[in-house]
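Here the structure is laid out as structure tokens; the discussion comes afterwards.
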Amino acid sequence: MISSPEVRIRELRRTYGFEEVAIVPGDVTTNPELSITNLSLGQYQFATPILASAMDAIVDPNFAGLMSKNGALGVMNIEGVYSRYENPYEAINLITTASIEEVTEALQRVYSEPLKDHLISQRIKEIKDTGSVCAISITPQNAKRLSPVAVEAGADIIVVQSTVTTARHISNSYHGLRFSELAPLVNVPVIVGNCVTFSASLELMEQGIDGILVGVGPGAACTTRDVTGVGVPQVSATMEVSAARDEFVSRGGKPVSVITDGGIRTGGDLCKAIAAGADGVMIGTPFAQTFEAPGKGFNWGMATPHPALPRGTRINVGANANVSQVLFGPSHRTDGTHNLVGALKVSMSMVGAQTIEEFHQKAELVVAPTIATEGKMFQRQGRI
Amino acid sequence: MISSPEVRIRELRRTYGFEEVAIVPGDVTTNPELSITNLSLGQYQFATPILASAMDAIVDPNFAGLMSKNGALGVMNIEGVYSRYENPYEAINLITTASIEEVTEALQRVYSEPLKDHLISQRIKEIKDTGSVCAISITPQNAKRLSPVAVEAGADIIVVQSTVTTARHISNSYHGLRFSELAPLVNVPVIVGNCVTFSASLELMEQGIDGILVGVGPGAACTTRDVTGVGVPQVSATMEVSAARDEFVSRGGKPVSVITDGGIRTGGDLCKAIAAGADGVMIGTPFAQTFEAPGKGFNWGMATPHPALPRGTRINVGANANVSQVLFGPSHRTDGTHNLVGALKVSMSMVGAQTIEEFHQKAELVVAPTIATEGKMFQRQGRI
Amino acid sequence: MISSPEVRIRELRRTYGFEEVAIVPGDVTTNPELSITNLSLGQYQFATPILASAMDAIVDPNFAGLMSKNGALGVMNIEGVYSRYENPYEAINLITTASIEEVTEALQRVYSEPLKDHLISQRIKEIKDTGSVCAISITPQNAKRLSPVAVEAGADIIVVQSTVTTARHISNSYHGLRFSELAPLVNVPVIVGNCVTFSASLELMEQGIDGILVGVGPGAACTTRDVTGVGVPQVSATMEVSAARDEFVSRGGKPVSVITDGGIRTGGDLCKAIAAGADGVMIGTPFAQTFEAPGKGFNWGMATPHPALPRGTRINVGANANVSQVLFGPSHRTDGTHNLVGALKVSMSMVGAQTIEEFHQKAELVVAPTIATEGKMFQRQGRI
Amino acid sequence: MISSPEVRIRELRRTYGFEEVAIVPGDVTTNPELSITNLSLGQYQFATPILASAMDAIVDPNFAGLMSKNGALGVMNIEGVYSRYENPYEAINLITTASIEEVTEALQRVYSEPLKDHLISQRIKEIKDTGSVCAISITPQNAKRLSPVAVEAGADIIVVQSTVTTARHISNSYHGLRFSELAPLVNVPVIVGNCVTFSASLELMEQGIDGILVGVGPGAACTTRDVTGVGVPQVSATMEVSAARDEFVSRGGKPVSVITDGGIRTGGDLCKAIAAGADGVMIGTPFAQTFEAPGKGFNWGMATPHPALPRGTRINVGANANVSQVLFGPSHRTDGTHNLVGALKVSMSMVGAQTIEEFHQKAELVVAPTIATEGKMFQRQGRI
């Protein structure tokens, strides 16, 4: 055997996604009723640590109100159809009824309609009218101009979100956004994303943000990794960003909530994200599958309509439950897609954790490929 | 390449399931006829180290008698249909005839009928009438109240079983069960489960139990891992709990039998569980596939009927053999699902082990992904 | 995170099969015409390092003659149908025409017919009449009685083969076979198998054998691993046994040929076996797929007819080439199943090896999962 | 457990293909418009670092011209149909219309027609007439004789390519090609391949070549690995050869461009190749899928027509875009097969790299199995 020049070759780190890990039960167990699942975002408290993704097929003003009634938070995208069309549901209808061959072009056409500031204000007021905390999402490019518009209209939380967001962005066409300037400007909690590494997230935290979204490339409606090769599986990404949060807080930084965003389909996925260090999760597909979602059983990513490089697809997810069933059951399904909060409470109880912080400390994750789950074999055989 | 803060990131242990490992043959071989496969549970001895799972579709009093005739042990669940209905087979019929859409609700309805103490006593007597050692299972919540009822009625072995059981359980609604108090109270062997780690199982052993069930999340009718993310593949779990048993005995503790419970479908799986350190196994699906099982070709988990968070499914497993064929053959199948004891004896002979204790010492397990087994390719192509 | 008692847990070694490895090209290349592929078995030399498996569906006297004409060697099983029936092709017909449901019973019935010494002698003479070197296989149980019969009839090479064979076998029913006694008794080269570990193969070599068969559990018609859990993937097994051969020879032992037996389907598999250290290979399925094979497109393992624990299956492999095409082409297929010798010569040339010994020294194997081979994706899509 | 002689067993290195890795986003991001993607080959500069493979189904003189208009480079094979037939499209037609059963024989027949020097000159002039830089490929056997013919006719770049090429080739039938003699002889840039290891590529660089092709066994139309077992996945191969380039340059050697050739299907694959160290890529299938490709939706490897050992297949890839869409979009697909340059620019921007050299330095690759990409699940279910 020829000895190879391994010393010269870059070592590759192993990263893990939800399907590859499992949570080890603890030495002490508790009753699920004792599990407390609070999430803080700045001064706001939520009993349910779950955000609905800022996707047009999921969060409209009505859906944001429903999330609030359930102790959770829906984030509305103010650069989507709701801010482009007086009647956004007509636009959505064009997308959901397009054939598979036409859908990318239909998306590109629908999203070429300009944004309208008066619609942004109107939608925010519609959310506030439901009595909900109002969280809206913007891209970094538009954050400086639109954030004051949104706050003026009543937005309580600003989510600045793009595929990859860093504290230092280099651009010729616009002055890179400084989060350290944005936060005091808007004077409401700011959540930033998406991010997957220790160092990039630590730099963002140092800008004074209140929350950080974790996830590049994992969502069901996202093909960023196919198109650009960029992406980090969610368990590893959450572990990195959570480690940065712990480091930041240990240095005296203010609390920052880590929100795992993308790729969560079941209660098991949610529990693993939180076991990996997240304070909460942002979920798309399971909410797109509710009867109340405006996408009527379809979903699509916000990078999908990119005119030159679409990264995402319209997925036919089907509607099969209402929002409160997804969050709290009762469930008549056994695949883990309903009663997400109940699943989290049971998972916490199995490791003896009564709070999410305890869950972070006590839950051990192990590498446990799904192939080992024998029940899947019967599922694959269609015998369930 | 940016150096990453790996030192801050939790390391993930690799765990293994049955499909990923294989047993290495030994330097000495023996004749299979010389293999002795005894299992002890407290004062009871069984020639066949196989327990039938405490599932309603598998063990009724008649089935317990059949297991006994074959030198093995069937465990009856005294919180299932047999203790809820005068005619339990009507209830089972409701479950097995429900459509796929209705089955979870049908299960939830059937199991909402209250337990009846007189039926518990009656079923135990029915088992004793077959001449069998009578083993019954209870949940930890009901163990203190129902164990004396069961022992009074004649139960010889008490199995206290829930998804995850620890020596220290925290609850507001009931006083956590102390096994150290239960064991002397009932004065019969106590088996406890389920458990998957070294430390949790060692703590349970220190309570004076006689056997421990290994397995969280692996069974074919169980979706605990999908729903809650919690589970450890069986080979690793068995290795951990067996290591705890060896440690406990080396400190002077009394013998505790380690029983791998869940996910065992073939002789190969059974042999790997015992090679990994188990003294015996508890099996569900292969017995649900017998003509004598009351489930008539169906099976379902005992967490399936949970009203808010069902974790499990009804599986159509089909019936294709009788109990003695599953245990001793003759087999007309070549997939390893029949003649489990014959398979164990041959496996022991290939590593030169004449007793299970020798098998523990001599069998080396290696990581050997199933993809390497070429025969599977033809199976997948439907050419067998 | 709870620190786990890993120090107490047995470490599991990783093993590799054909699909998981690849050969790295060398720093020097040669022309394939320069590749020499000789194999020695005792005093016999073969230009083609390929043996046909001792399976009834493959090697009858006629097939042995064909192999010889191609510079290779067919091994006939003298405990199969050819030694049980005057007209063995009637028996084979019963097997190949049985339905899937009946085939295991048909096999068990066909092989319950007793062996007949006069037929053993007759078949050996039929092989000798073709002008071929005559190699026959026997099980260890019958080796002492039948080897002299076979040698008397003219057998040139004795292959003693069972699923797992060791130098030390413990039995009550018969005196364990000592190969150190057998070799001088028969005075012809003795090949023994099967074996997969360094230590067991080294012990066998010390008995004075001339060749060793590597492989437990890998063959397409073998389900030993499903049934008993026992098996080691072929690349790792070949590396271990080859290391034992090198050790044995370095201590002054006589040359022993290492033959990888089972699981080889393509030229790529064959090349990897030899790159891993084998001197030759024994192949089943590709020869069962020839027009000249007596199985007429079917194949089955010799452990298949076991009355109580059948381990193997009848596979419909289909016939698609003649023996010389499988060995030397020309090939009109591109999947690597034809022209095995040509493939080996090209593979040797790519690592700059002109002899098999040089190939052992120069070929580096790396772990390279098949998923990385993009061409497979099109194959799976049926686009090739 | 028996301790095994691991010290004696060769250690196997893990290698990686495109599907198993992902790129980690950086701490700084840039705007994609700032990304510069130049490639140098000797004195020639290309804005687009993409070469079209020297396959008959892809590059004819017209296609070479189209690549040039897009800032890229098409390489024409001068040992294929274009140099054998006055009307090569008739020959191509024979291949594309053959049935699956006949196609390997049809390929073997078409490629048995002799090469004609006057056609070589004519095709080169046809390429020059388009205004394109003219790159042609030859096998090592014919390089010494045909390179002067090609340069005389106007070829600007010579690509010497075979499955595995080394600086030291041993042959009886022809004097091994010395690249150190060829380079000054032809006095145009020389690109050599294919190669996958540090040491073999370093030796080639020391011969004075200008570019090196990376890749043995990965292409969609290539079955080298199935047939001969030889191959190294592209990410690892690119890392090795790039490390050799860096070593060579650090010792004062002249710049050598590393071109990853084979297995690239999507923008994600391309980005990973360049992140692993490549300066450019050579692509087959995506160009075979253009309307302008002469293969009309089919593709086949140049080792496919080998008379005795065909290694490759004709693949029905389908045509679905034109060349400029594949390179620059706009894309109406979201699977990453169109707008490859746009994908590279976005990928570079996500790691904050404005040049390919910066991308090499800043991009971290991690092991991230595709199973973790949840979007694939829906794709597999046909719901996209």
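Going by the order they are written in, the chains are A, B, C and D; count residues from 1 in each one.
Note that in this section contacts are C-beta pairs under 8 Å (C-beta built on N, C-alpha and C of every residue); 3 or more make two chains touch, one makes a residue touch a chain.
Just so it is clear, the model here is predicted, and its values are computed rather than measured.
Undergrad: What is the size of the turn, to the nearest 5°, that moves the C-alpha atoms of subunit C onto the matching ones in subunit D?
TA: About 90 degrees, rounded to the nearest 5.
Undergrad: If I list every residue number at the interface of subunit A and subunit D, are over half of them used by both copies, so same, or under half, so different?
TA: different
Undergrad: For subunit A and subunit D, let me know how many angstrom lie between their CA-based centres, rounded off.
TA: 38
Undergrad: From the mean C-alpha coordinate of subunit A to that of subunit C, what's the distance rounded to whole Å?
TA: 54
Undergrad: What residues in subunit A touch two or more of the other chains?
TA: Residue numbers touching two or more other chains: 1-2, 4, 10, 13, 16, 24, 26-27, 197, 199, 236, 364.
Undergrad: In their complex, what parts of subunit C are in touch with subunit B?
TA: Going through subunit C, the ones touching subunit B are 1-2, 4-6, 8-10, 12-20, 100, 104-105, 108, 163-173, 195-197, 199-200, 203, 216-223, 225-234, 236, 262-263, 265, 304, 307-317, 370.
Undergrad: Within the complex, which stretch of subunit C touches subunit D?
TA: 10, 13, 16, 21-31, 33-34, 197-199, 236, 239-240, 243, 247, 266-272, 275, 328-336, 339, 342-343, 346-347, 350-352, 354, 364-369, 371-375, 377-378, 383-384
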